[in-house]
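For reference, chains read A, B, C, D, E and F in written order, and residue numbers begin at 1 within each chain.
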Amino acid sequence: MDVFSALTSSLLSPMVLAFLLGIVATLIRSDLKYPDGLYLTLTIYLLFAIGFKGGYKLSLIPLNEFIVPAIAGLFLGLLIPVWSFFLLKKFGKFNSTNAAAIAAHYGSVSAVTFGEAIAFLDLLHIKYEAYMPALLAIMEIPGIMAALLIAKKYTSNTTSLKSIVHELFTNKGTVLLIGGLIIGFLSGSKGYDQVSPLFDGLFRGILTLFLLEIGLVTGKKIRDLRKVGLFLILFGILMPLIHATLAIIIGKFIGLSPGGCMIFGVLAASASYIAAPAAVRIAIPDANPTYYLTAALVITFPFNVTVGLPLYYSIAQLFF
Amino acid sequence: MDVFSALTSSLLSPMVLAFLLGIVATLIRSDLKYPDGLYLTLTIYLLFAIGFKGGYKLSLIPLNEFIVPAIAGLFLGLLIPVWSFFLLKKFGKFNSTNAAAIAAHYGSVSAVTFGEAIAFLDLLHIKYEAYMPALLAIMEIPGIMAALLIAKKYTSNTTSLKSIVHELFTNKGTVLLIGGLIIGFLSGSKGYDQVSPLFDGLFRGILTLFLLEIGLVTGKKIRDLRKVGLFLILFGILMPLIHATLAIIIGKFIGLSPGGCMIFGVLAASASYIAAPAAVRIAIPDANPTYYLTAALVITFPFNVTVGLPLYYSIAQLFF
Amino acid sequence: MDVFSALTSSLLSPMVLAFLLGIVATLIRSDLKYPDGLYLTLTIYLLFAIGFKGGYKLSLIPLNEFIVPAIAGLFLGLLIPVWSFFLLKKFGKFNSTNAAAIAAHYGSVSAVTFGEAIAFLDLLHIKYEAYMPALLAIMEIPGIMAALLIAKKYTSNTTSLKSIVHELFTNKGTVLLIGGLIIGFLSGSKGYDQVSPLFDGLFRGILTLFLLEIGLVTGKKIRDLRKVGLFLILFGILMPLIHATLAIIIGKFIGLSPGGCMIFGVLAASASYIAAPAAVRIAIPDANPTYYLTAALVITFPFNVTVGLPLYYSIAQLFF
Amino acid sequence: MTLHTLKLVTIISDDVLTQNLIADIKSLGAKGYTMEVAKGEGSHSSRTYELEGENIKLETIVSETVADNILMLLAEKYFEHYGLIAYVQNIDVYRGEKFI
Amino acid sequence: MTLHTLKLVTIISDDVLTQNLIADIKSLGAKGYTMEVAKGEGSHSSRTYELEGENIKLETIVSETVADNILMLLAEKYFEHYGLIAYVQNIDVYRGEKFI
Amino acid sequence: MTLHTLKLVTIISDDVLTQNLIADIKSLGAKGYTMEVAKGEGSHSSRTYELEGENIKLETIVSETVADNILMLLAEKYFEHYGLIAYVQNIDVYRGEKFI
């Protein structure tokens, strides 16, 4: 499959089109809005479903296969915020608080972008390692953790280390992903068959409805693009590219399949907009959401799910 | 299939029975109520699903087949409010404000009634043209538009034409139906397969839950029947019959199949209770909801989904 | 199938594991919470789905088969609160108000426990009588009714008999279960096929999400275990055992299959936490929720869905 | 612009009482009400999960006399047995005649 | 700790007007607002089911002058045609300068 | 019927702080609270979509002293870093002893 038709099938998926519809709806000032609680409901579903399906797949393979990729994921998650922070501070002229907050988002991963990547590969019938959802779960926390520690060191932030660790390991993203993983792992194929009509069959449909809402929010935040400055826009496009390429190279090195490399690239490239903003709002409350939400949601997310997916897959192919 | 067994399968469908259950629940003063936001959630799902499935079907046929029916739909949508308004004013003794508000509801269409009609035909394995959902989308706006223009002319209403047009083209009904259509059309069968378990497989089940809620509201409004007067009750039953017959004749004339004629009849007969009330509440706020909601919801909707569907189908058969 | 592997498949089902995840999430003070309205939405779905599937199954068998079991269920429902009340008062030292409130919960039944029992038997491919969901519906009310009458007699409670009866027959649990039953019965297999992807296909998945929420609440209430005293803890474990055994013997006596006996046992053993608390909050408002909710939710429910199901099934097997 | 001073009565209660409370305040002369879903804790109750029941917050704008009558009725009919609180505030409204 | 006395303006309206009302109060100088979904009944409307439309309750903390201007604008623009009510209360806030 | 005048303290905050705020007001002597979900905008924040975070509106009826202490604690612990506002009103309640 060539880059161009991969790009088309990524752009014309119902999920991406729903995201665009949401943006358009906000831009024409439609009264379409989701009721209170629906966003959270969809989030709970998606995180649990991703975890659950991942856990089930993990139960079918020998666990030791997963050790090296897990270490690679941890390592990348911890390092991405470090260089991101210094770039943002040094060249982007952000203060330490905002630089650390943005770095937290890029250090962590986006479950929705991951879901899109899975849908993309499944559509093209490309295989990937069964432990990829577990890798997503593992990569959610370290990047935020690293960024919050940086914030503690470089700002007058006084949140205690204990409460940072607690927040990270107990936030709903972690609980649902890891909890789902464990449940999927333990309940095996008997359990999987009982609940897969909901957690597998409806996954892409619900992702479509979720992305419609994400589009509505993105549409509202598009005008914030002017406020964040050119540097952050470039950062939000170039860093994912660099992170993806780096991860793909590491992936090749540790023996991942082309599909696996691509997903590892997507994870590295993606910026969290569920776990990271929640953690930042508690732990770095002085940081300005206009910067971190615009970067993660308005710049990086759309880039990744439209151009990013086929691009990262093409990059992965270069190495095979 | 004879009229009688068609009537039975229409009356004993889970959807219609759930609607009756809702009415009964309210009449016995049950504490059953839907939580805030659930109605809107179901509405978003239904409108998007109808649009999406319609768009997909439209992608399978040559578009030019749709031109003549679209013009016929537009034409009917624009005219229905005109005679409705004068009848309501002249013989019903409604003031111009209320007459225009009621006319808007009958000029537009009901997506839920349409959904019921589709379920009815599918159950009886009767074919209809693939562009029918697109016709629904096209017929949503013109009738409301015509009625609001009438209101502007005949009352002291000062809403600007620009804001009327804006409201109509950006209201959530339009955005979801037309947005869904475009997404279904563009994403084709690859996209359709990814999300059809949600948007197709669950459609009738969710319609059942939706109609339970509609029944709850209808039950509450049943006592308003006394307030609206005999004229409106007759209007709410006879006009759908007349509009359906008219549309079926036009349908036959422009070459629709029997199933297609019946659906066109249902569209003409149906009264909107999603898009129209929202538009009226903004643009003709002085109008009394007791009239327009009771007419559309308590009189015409139940008539259409119980007796109407088999009746309109029998009328359509007369012409073939 | 031996007891041990039955226990394992009961403990490792996604539903039970999700319940445990909820408890753990609350205990580690996670920020995971369900949005307002989601619990009610899931409840509406579950009750209606249970009723609907039951009604459909009932439509496939001769109704007179159901008369004797229905009488047995009524009888047990009316008696359980009587002895429960006196035990709680005499040996548990509860005042009449609290004793009656707790008795109401054990006299009624838990639809969710029933759903789990069905899932358990289905997984093991064990048959049971088609009218079991109808038995659930019939056993919901009498136990609460008996307990409220006891409260009227033994306390200064002044709620009128009429309002008690009204509340019981119109509460949402009854309306949805019985309404669903009738709809499923009337709409037959044509109707069933239209909506079963929602009401059957997704049932266990939605039960999983529901139990996650129940786990969150249970986790919060676990510390109330200290407040309720040892007697109530023992009551909440031993009474279900006794009630289950009694029901299984009656079931055998009236000719139920082993699966049917087990379900009848589960119904008798289960304590309501949807219909009963709502009725008690209106009719015995002085009763302390810490007692009745902790007993039904924190003690009996987890006991039933983990150890109870395989245990009751083993007891049932003893008689065949 | 003339403003009238009226009373805003707020009742916070288990939502199982909603229908009764609305009927009561209407019977005492309230011309309307506004209602929101709420959570909460108090001396009798903890209603922070839906399973524990939900609170409603019922607000009605009325004259001083009606406000007094409402409080009196609540005291008589509900305060003893139900977990329910009520309070009164002064508010300034435009178009005061709408509410009395 | 010094507290400032300011005005809390509450507007209850059909939620189709939300965007307009927010634009209006901002244009008159409100620095922020808080908004909740509500149900209710009044002389024009019964909005107790979502299908009938929902109410919003819009609250803004402002100076006395801004409060007066808001009420005046509402009277002029909405009161005649729309089912909408508004009232004003005194409140004490810390950091009063944030709101004016 | 005797009414007591008490203070109603309202706190509007990002809901990530909910658990902390409840613990704080309880530790200062509040006997209960009522809480609603809200949206809003202010000088720091725009929380009109769930993704941006939600506001909660936390209300507690307390004595004047407790009200002062709550405001003081908020000022110290939260006002500087968090987007959070608070205000105090007088209310009349029946059964005042319940709240103090």
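One rule holds for everything that comes next: contacts are C-beta pairs under 8 Å (C-beta built on N, C-alpha and C of every residue); 3 or more make two chains touch, one makes a residue touch a chain.
Quick caveat: nothing in here was measured; it's all calculated off a predicted structure.
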item	value
Neighbouring chains common to subunit D and subunit E, by label	B, F
Required minimum of steps from subunit D to subunit F, each step between chains that touch	1
A-F or C-F - the one linked by more C-beta pairs in contact	A-F
Most widely separated chain from subunit E, with each centre as the mean of CA atoms	C
Centre-of-Cα separation between subunit C and subunit A, whole angstrom	40
Between subunit D and subunit C, distance of the C-alpha-averaged centres to the nearest whole Å	35
Per-residue overlap in subunit E, given as positions that touch at least 2 other chains	16, 36-37, 39, 48, 89
Shared-contact residues (touching 2 or more other chains) in subunit B	29, 31, 34, 36-38, 40, 197, 201-202, 278
Touching pairs among all chains present in the structure	A-B, A-C, A-E, A-F, B-C, B-D, B-E, C-D, C-F, D-E, D-F, E-F
Interfacial residue positions of subunit E with respect to subunit A in the complex	16, 19, 37
Touching residues on subunit D, where the partner in the complex is subunit E	1, 3, 6, 8, 22, 31-36, 61, 89-95, 98
Contacting residues of subunit F [partner subunit E, same complex]	10, 12, 36-43, 48, 55, 57, 68, 71-72, 74-75, 79, 85-89
Interface residues, subunit A side, partner subunit B - complex	9, 12-14, 17-18, 21, 24-25, 28-38, 119, 123, 197, 201-202, 204-206, 208-209, 212
Subunit A residues touching subunit C - in the complex, by the definition given at the top	36-38, 40-41, 44-45, 48, 52, 166, 169-172, 175-176, 179, 182-184, 186-188, 190-192, 194-199, 201-202, 278
